[in-house]
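The two complexes that follow have chain A in common; it is paired with chain B in the first and with chain C in the second.
== the complex of A and B ==
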């Protein structure tokens, strides 16, 4: 599998604080890749730099030419006076691709994530429904790379199961998925590979089935060490 | 375009324009009753022709305050809510994003201004002054220029400055603008380097009240000040450039 994204010696500093330090990653096309680490490890900053939401202080981020990226944030905010379909139409309109504005297409995406095209406004959505909507809008452009920040946070058991199955399906469709999650069971269930970060640095890598040690144990062992 | 439409939709669905309409009705109603009559030399003036320019300035002031309130918060709120993440990540440039938000503010302020002026028109007809409707309609153009200046300046400032400071700076600009002629007189006596700097600073304050006054001049069939009008377009252009140029470090 060829690399769809390469990060070379990426560094991000905020005044005195180094959020990401000399990070190098190769993400292969079609894999589900996990960014793991405790709070403040630099995962979200890494995602922000990949998405262009923050500029790297140094280093390079190379993304395959023409690859489209979909992003589902950890704490999504959608205008509360809109319905789910209106949110989808809004972001589809921003994407500018006319074929993606089609109501049937957008309705399909809502249903794919477990939502329906009803008249319920976002202000009446539960946290789980907002998370699903975040995932649905990330799929509008039919992205090659999907970046999901805590995609199962706030979901009940059924919602989590649904989203994990959806992620497996997206992987089967050949999409590359980058996940930032604290729920290590979910990571083990859907991810192929990942890195464990601490204080902005990669301290270890993880590959599915490479060892008998459970990811959770490995994470606690590595991240818990001082 | 979707971003512009969304700004307008947000203000409409949050019932902001209903508040504007209510304000307009209250102001015009007050001026149409004994409560709002002016007394000059002990003589009560209720003639709409005399009250009209005053009323127009009051409505422009109200609309200016609405334009300021809308524009102060629109851009900062996008970043606070992190709505910006889903816009930036779709490859929309900051220049385009900020300009769309500023344009949305301008359209909302125009709609609110038109509502205020429509209220005025209704009351003019009710009071038997339907002959001035044409002039009220023409005065609307100056209201639009006035609110566009405020929206564009406020939007430009709000990109990098916290909402409270943006509001304070804009209020200072508006107050100093209204007192521009008085300040010019006051500073005329100043000498030295300090005096020269203060004089230049006064010259740089945009005469936003002057633009609003042109609407009053129009309804009274007084000559318009072309310099003030040109200055207004210059303010919109410079502020528009700032909206395009000023950037945030992060979404």
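== the complex of A and C ==
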């Protein structure tokens, strides 16, 4: 598999604080990749730099030419007076691609994420429903790379199972998925590879099936070390 | 950019209370027969709504999410200027229509000749947008209000100070007003449009720079 995204010696500093320090990653086309680490490890800053929301202080981020990115944030905000379908039309409108504004296409995305085209307004959505809507929204442009920040946080067991099944399906469709999550069971269930970050640096890598040690045990062992 | 304009239009239309207030104001002011004030007031309100769309984008940490969508920051900035202009022109036309109808009913159209000169309202008011947009992008909705007060405060102090210490013949503020007053109406409007275009162009370049350097 070829690389769809390469980060070379990326560093991000905020005044005197180094959020990401000499980070190098290569993410392959079609894989589900995990960014792991405790709070403050630099995962969110890394995602922000990939998305162009923050500029790297040094280093390079190379993304395959023409690759589209979809993003589902951890705490999405949608105009609360809109219904799920209206939200989808609203974002499809911003993205400007006429073919993506088609009601049937958007309805299909809502159903794919376990929502339906009903008259319920976002203000009456549960946290899980908003999370699913964020995922549906991230899929509007039919992205090549999907970046999901805590995609199963706040979901009940059924919602989590549904989202994990969906991620497997997206992987089968050839999409590259980058996940930032604290729920390590979910990472083990869907991810192929990942890195464990601490204080802005990669301290170890993880590959599915590489060892007998559970990811959670490895994570606690590495991240817990001083 | 069309998608962004559609977004802001939808957000504006959702705020029905604002639109109803617009309508009631227009009717009340139309009845009072003060055409110039009606048109200027509606245009100003429309510009407040136009630039206010930045605050809405900012609301509840919405900017980072919005900025991950497939449009560049330059397009976002351009849309804010275009949307504000569309809002101002639409409000001006609506105000002019209300004024024209009222004038036809009450004065048999005697005041209709005033309407072309009232187009001066758009570039004059739009100058405020050119100042507000970069401030909002740089400082956010709350802090930009303080920055705006500071700027207008400085201008006011300069204007009042100059009138206190300088004779009218050498006061630049008075000179500009006198020159504009003596010019034919159409020329004054053209000058206003040119000044507005120049200030807007500078403001746009500043806004693009602010937005391109902004981190979320």
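In this section, the second predicted complex is superposed on the first by the 226 of 226 C-alpha atoms of A that agree within 3 Å, B and C clash if a C-alpha of one lies under 4 Å from a C-alpha of the other, contacts with A are read in each partner's own complex, and residues count from 1 in each chain.
We take it that contacts are C-beta pairs under 8 Å (C-beta built on N, C-alpha and C of every residue); 3 or more make two chains touch, one makes a residue touch a chain.
Just so we're clear, the structure is a prediction, and the values are computed from it rather than from any experiment.
Applying the stated clash criterion after superposition on chain A shows that chain B and chain C collide. Looking at the shared chain after the overlay, A:128 reaches neither chain B nor chain C. Within the superposed three-chain model, A:194 lies out of touch with both chain B and chain C [touch as defined at top].
Of the two partner chains, neither chain B nor chain C is touched by A:114. Residues common to the contacts of chain A with chain B and with chain C across the two structures: 48, 51-55, 69, 71, 73, 75-77, 79, 81, 90-91, 93-95, 141. In the complex of the two chains, the chain B residues touching chain A come out as 1-3, 6, 9-10, 13-14, 81-92, 249-251. Chain C contributes residues 2-4, 6-7, 10-11, 14, 59-62, 64-71, 215-216 to its touches with chain A in the complex.
Across the complex, chain A meets chain C through its residues 48, 51-55, 68-69, 71, 73, 75-77, 79, 81, 90-91, 93-96, 141. Every residue of chain A that touches chain B in the complex is listed here, in rising order: 48, 51-55, 69, 71, 73, 75-79, 81-82, 90-91, 93-95, 137, 141.
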